[in-house]
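Next up: some structures, all given as structure tokens.
Next come two complexes, and both contain chain A; in the first it sits with chain B, in the second with chain C.
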Partner chain A sequence: MNLRNALPVGLALVVFVGAWKLVTIVSGFQPFILPPPEDVAVRFVEAWTEGIMAPHAAATLREVVIGFAVGAGLAVAVGYLLARSRLAERVLSPYLVAAQATPILALAPLIALWFPDGLTGKIVICALIVFFPVAVATMVGIRSVDAGLLELGRSLRATHRQIFTTLEIPAALPSILGGMRVGVTLAVVGAIVSEWAGAEQGLGWLVILARGSLFDTPLMFATLVTIAMLGVALYFLVVLVERRLVGAR
Partner chain B sequence: MNPRLVRSFAAILAIVLAVTACGLGATATPSGRTKLSVGLGFIPSVQFAPFYLADRAGYYRDAGLEVTLQNRIDPELVTLIGQGAIDVGLADGTSVIPAVSQDIPIRYLATVYATYPSIVFAKVASGIAGPADLKGKRIGIPGRFGSSWIMLQALLRSVNLTPDDVEIVLYPDFGQGAAVTTGAVDAATGFANNEPIQLELQGEAVVVLHVDDVVALPGPGLIAGTSTIGSKSDAIGAFVAQTLRAMREIAADPDKGLDAAIAAVPELGQAGATQRAILLATIEMWQSDVTRRDGLGAIDRDGWTESIAFLTELGLVAKPVGVDELVDPRFLPVD
Partner chain C sequence: MTLATSAATRPRGVEARGGKVAVRDIVVSFARPDGGRLTALDGLDLDVAPGEVVALIGPNGSGKSTLLRVVAGLLRPDRGSVALDGRPVTEPDAGIGLVFQEPRLLPWRSVAANVAYPLEIAGWPSERRAERVTELLGLVGLEGAAALRPRELSGGMRQRAAIARALALEPSVLLLDEPFSALDALTRERFNVELLALWSRTGTTILVVTHSIPEAVFLADRVVVLSPRPGRVLAQIQVPIPRPRSLDTLDEAAVSATARQIRGHLGQGTDQ
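After this line comes the complex of A and B, so read on.
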């Protein structure tokens, strides 16, 4: 990112922090309700330099990465099936939509009970929340592949595998990666919710600890900032991959 | 600057100011009674019988109060009371210490649970008879935070054990009681007036480990924000007095409390025997050597001093606090 592009981003950040500071002044909220940005910044630096934040961030990142990989991987396979089989779409779609419509907050405690070993339950929750947007994006992407191209491939006696790898996937990739952009941020949400349903480490657990035991509101905000930064970083990582694979859109 | 942007920003500011102003409503009703919002635990329960009795029998009303009872979880309640959004509440003493150390302006006014209600319980058949027997055992707990976690660490420390010497099994859905019943864990944290009672009613012999023998952790009591104490001093005093009056009456006649609780929460009537057992166990916990000497509601200053030291060791106290910054006993009856 060059200076010309970075300037509006920096300005937006300054406006956001300024508005936050202004709200703390105008509202008169005490710091334990809404801490000013400078308090949160100090606590953020303390939490990272004193080694409080890093192990929790690492635990959450592990859950997000594995959960996203599992969820997105399955979603691409199921999305392809939905795109190519009307029967599969008719049979599976209601369940997929129902799973998406069920609040993950309600499911998470149950999943935590079904998988009491810790990490597995968290991966399942992340995978579940990632699954739907990636599956739908894959289905839409595969269906939007130019029928003429497919016909051409078949007329040239291309095998199913060749059509899949050289025509369908490259053509559907922009759509799949679009779904993954959404999915990766949802994976962060899934990890945090899964930690609220039972954990001994992770940024979601740190939020509970800061709020429920320590009454340390700046630490809670510093943790939220870390969660947000993790989500943004992963989003841009997917964007980066997207640009490498299909170019800027 | 773009006029639309200016208008949007002004609108946001107006909303913030309006929301803030909402918290500054009038406190006196047309009848001249003082409005008092009271936060209790998250789930309506027979444990709150004194509040139900004082409310329904008109003790609060006759004392010039118009009380509204609300159900809230502990951390949320402490913050809301510190903010002044709720006037008085029933909150754990072990939450008050870290909260005040984080500059949340609240005070503990009167003890309700003079015996710390959070306990470890197990079936007698587990072979657990004391804290030392917990070594190597599977212990169910909702999470590594809050009053049960503090209590468990105190119990273990009393016999030179740490949480690493036991196997902690998390039950974030508070299913640890059922886990003891099914044998999924050897012991669990719970409340003296809840899980062990339920287990005993099922015919199971139960052993209960109390932390009071180790450190006198301050149990749930009445708390209020310092600004509320300043602005509604008379009302707070009347509320404390009438609540303690209801506690004394229920201690003398538990059925009075049970009837009031069922009248306030009719669903409780469907398990009357269980609710009665819970209430009797609750009444027992209102008492300690300190309250037997100084009366219900009395604050055990020595216990608070010990607890500050213990919570400081656990890293839960952000900056040093003294007992006088935590408790305000001025509303307790003077014999």
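After this line comes the complex of A and C, so read on.
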């Protein structure tokens, strides 16, 4: 990013922090309800330098990455099936939509009960929340592959496998990656929710700990900032992959 | 005979390797939304000699494109058969190259990678592929555009790339479905000249669908006129213009006489 691009981004950050500061002054909220940005900044730096944040961030990141990989991987396979088989779509889609419509917050405690070992349940919750947007994006992407290109493939006697790898996947890639952009931010939400349902570590667990027994509101905000940064970083990682793979079209 | 004409006008040293196409009694019908069936082609016969250039002309809905897709093995007829050099064609055949109305390039691949696509599908090793692609790009004058993406090309260059791709596997028959209809009139004339040049170098049998009578006359040894739906062969007209043909040496009298003849057969049913 060059200076010309960085300037508006930096300005927006200044405006955001300024507005935050203004609210803390005008509202008169106690620091334990809404801490001013400088308290949060100090706590954020402390938490990272003292090694409080890093292990929790690492735990959450692990859940997010594995959960996303499992969820997105399954979603691409199922999305392809839905796009190519009317029967599969008719039979499966009510369940997919129902699963999506059920709040993950309600499901998380149940899933935590079913998988008491810690990591598995969290991966399941992450994967579940990632699944729907990626599956739908894959289905739409595969369906919208130009029929003319598929006919070209057929005229060249391409096998099903060749059509899949050389036509369908590359053509649907922008759509699939669009779904993954949404999915990766949801994976962070999934990881936090899964930690609320029961955990001994992770950023979600740290939020609860900071708010509850520690009563350290600046630490809670610092954790929220870390979670947000994690989400933003992962989002832009997907965008970067997208640019590498489909940017030059 | 057409065969003799094309062989005689081909430059010395270029071997005739055109395929022979025999279409027998083809019937194709499609399901209509109301449950009935629409007959697109009704008992059509057509023979194309090795190295011959045949233009298919007919009103909209006369099944020209349908016929091309049957010959390409992309569409199975209800009845009848297609043979290439005596072999029945029931599915896409390596001996047949196809140029669609639109270029149908893969937008995520460079021009070179697009031209290499059929070779890749056919499992050619990469060095041989690269060699052949260079040759093909030279053939259609796209040497400088190898690394460009389709969106960076003009419409004409895209169609050149599509033609190079169709020639990749050295087909003995080249099928073209209104290949230049999206191009402006001047570019289109130039492309017709280039297509003939390509034909004289490769010796491929060509079956080209067109809407344009002048184009048909300029390109073809023989013009086949199809009837309105259901498509049947109305007339076959030999084009008595010697080769090599160029735009400025065309015998105007022969052209207009042939064109008049074609127009007579087409009657009122066309938009030309």
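We take it that the second predicted complex is superposed on the first by the 247 of 249 C-alpha atoms of A that agree within 3 Å, B and C clash if a C-alpha of one lies under 4 Å from a C-alpha of the other, contacts with A are read in each partner's own complex, and residues count from 1 in each chain.
The working rule: a residue touches a chain if its C-beta (ideal position, glycine included) is under 8 Å from a C-beta of that chain, and two chains touch if they have at least 3 such contacts.
For clarity, every value in this text was computed on a predicted model and none was experimentally measured.
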{"item": "First, second, both or neither for A:L167, with chain B first and chain C second", "value": "second"}
{"item": "Which superposed partner A:G153 touches (first chain B, second chain C, both, neither)", "value": "second"}
{"item": "Partner chain(s) touched by A:V225 [first = chain B, second = chain C, both, neither]", "value": "neither"}
{"item": "First, second, both or neither for A:E200, with chain B first and chain C second", "value": "first"}
{"item": "Contacts of A:L61 with chain B and chain C, given as first, second, both or neither", "value": "neither"}
{"item": "Which partner reaches more residues of chain A (counting touched residues only), chain B or chain C", "value": "B"}
{"item": "Touched partner set for A:R211, first chain B, second chain C, both or neither", "value": "first"}
{"item": "List of chain C residues in touch with chain A within their complex", "value": "72-74, 91-92, 94, 98, 100, 102, 104, 106-108, 117-118, 120-122, 149, 151"}
{"item": "Chain B partner contacts - residues on chain A that touch it in the complex", "value": "19, 22-23, 26-33, 109, 112-113, 116, 196-200, 208-209, 211-217"}
{"item": "Residue numbers on chain B that touch chain A, as the complex places them", "value": "9, 12-13, 16-17, 19-20, 74-75, 78-79, 82-83, 95, 98-99, 101-105, 143-146, 149, 168-173, 175, 316, 318"}
{"item": "Chain A residues within the chain C interface of the complex", "value": "146, 148-149, 151-158, 162, 166-167, 170-171, 173, 246, 248-249"}
